[in-house]
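Have a look at this one before I ask anything.
Naming follows writing order (A, B and C), and every chain is counted from residue 1.
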Amino acid sequence: MDETLAAQMAQLQARVEALEGAAPENRVSLVVFSGDLDKALAAFIIATGAAAMGMETMLFFTFWGTSLLRDPAKSVGGKDAMSTMFGAMLPKGAPKATLSKMNFGGMGTAMMRTLMKSKNVASLPQLIELAKEMEVKICICDLSMSLMGFKREEMIDYPGLQYCGVATFLEQAANSKVQLFI
Amino acid sequence: MDETLAAQMAQLQARVEALEGAAPENRVSLVVFSGDLDKALAAFIIATGAAAMGMETMLFFTFWGTSLLRDPAKSVGGKDAMSTMFGAMLPKGAPKATLSKMNFGGMGTAMMRTLMKSKNVASLPQLIELAKEMEVKICICDLSMSLMGFKREEMIDYPGLQYCGVATFLEQAANSKVQLFI
Amino acid sequence: MDETLAAQMAQLQARVEALEGAAPENRVSLVVFSGDLDKALAAFIIATGAAAMGMETMLFFTFWGTSLLRDPAKSVGGKDAMSTMFGAMLPKGAPKATLSKMNFGGMGTAMMRTLMKSKNVASLPQLIELAKEMEVKICICDLSMSLMGFKREEMIDYPGLQYCGVATFLEQAANSKVQLFI
């Protein structure tokens, strides 16, 4: 075996290995910061679309977005005054989310829901169900849970639901082909 | 020829080819979700800036953003009641877009337009013209067109304007160096 | 030395070099477009989180975001009428930023600040201090400074603070693993 070539080969193999290790995977990582209906729809349409294309998809819910994942059927007690107040002011779950624009005291949002139904567009709760089936991963921001005063027992049932911090999101995002802040 | 080395070479070539195939191209893909003047300006300034740097640039207009591409000079009939109402409530094209903050019933937006003129900053319609010249690609979300009740005949003339779904956006985005949700 | 193999090796080395040159660095580039407290918190939590993970992090402040970096303790004169008006209407620096939702004339924002304190979450000014220590880079959009009528002398003291255009942001973003528009 040619020793010069063999040495060059070994060196090149190491460089290729490093490149392979650093290359992002076929993933999509989205921050869902907004709790608005329109942006939540966008997030879930992108997420389920990506999952349908075979991309591993992860949604990181933070700040107002956290509120979208409360289960309207669950209620928990034992909250302090501030948490109770926050909890009452924020929409309780996906069915209660409203448009960021042209809400008009709920009328615009109702119109949009009617429109979506008539055009056979999946509703937000239906999109969440679809996301479940397509194994879209959901991670809820620890810090936001604490700030909003939400308890884990009041969140929706979602397979593999995780609570994590910004470091987990960043690790995944750095390893993804697509990252968006919604 | 050294057979061991030749075999290693062939294997390494295949790995390098795979890396080359997966590496993102020199592209920028932006989702324009917002219909606000300020965010639309940001989208077009980034898009034309990227095009000026030789990056292939694509704007995917969805939800409120779709409204920015209506042509104020065009009008279409034959819409159902809901579409007519939506059409009337949303700003008709880029010249009518308003600020997301400090609009003050249009006064803030007028101030910003005056300010932009005095500082020789291109207006939104001018930036759209510039994007045309620089061959920024525009894709309008099919689903949003349907939801907003817009017809293709009322959209602006733009070379190569396409209507597409989220899958097309994701394919391009996964192949881009920069992706942003605006 | 086997000449065929040597030639193949040279060619492959060039391809690997090209891949290495194009691979994004371990960086995060964020556009801070919003001037809202909640989004600014998200931006700085992501930025300081990324810096803590050893990623080189850069924040590009534009439009409303620019206002977050004004120093409340500094005041400058010699502005034209429009700049003075804009300056008075926009929140003067991070301590004055308000929530994008549920501000309720400042009450919601005050509630959030109290909540953050009680949960030991760093305030926005504290996060900016942390970003300094962690060497997060800050770049302020030239064009926005001019549009908002801000002068450099009224901005906060921040080590290595730069003023730049969209091209600088795009160059960094194209070379980053994570890019977000906040």
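Quick note on the criterion: a residue touches a chain if its C-beta (ideal position, glycine included) is under 8 Å from a C-beta of that chain, and two chains touch if they have at least 3 such contacts.
Quick caveat: nothing in here was measured; it's all calculated off a predicted structure.
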Copies subunit C and subunit A - interface residue numbers shared by over half, same or different: different
Rotation angle superposing subunit A onto its copy subunit B by C-alpha atoms, nearest 5 degrees: 120
Whole-Å gap separating subunit A and subunit C, where each centre is the average of the chain's CA atoms: 23
Per-residue multi-chain contacts in subunit A, two or more chains: 2, 5, 9, 12, 16, 19, 23, 179-181
Sites on subunit A touched by subunit C in the complex: 2, 4-5, 8-9, 12, 15-16, 19, 22-24, 31, 33, 35, 62-64, 82, 85-86, 89-90, 143, 146-147, 149, 165-167, 169-171, 173-175, 179-181
Complex contact set, residues of subunit B against subunit C: 1-2, 5-6, 9, 12-13, 16, 19-20, 23, 26, 28, 38-39, 41-42, 45-46, 49-50, 52-53, 55, 101-102, 111-112, 114-116, 118-119, 121, 177-182
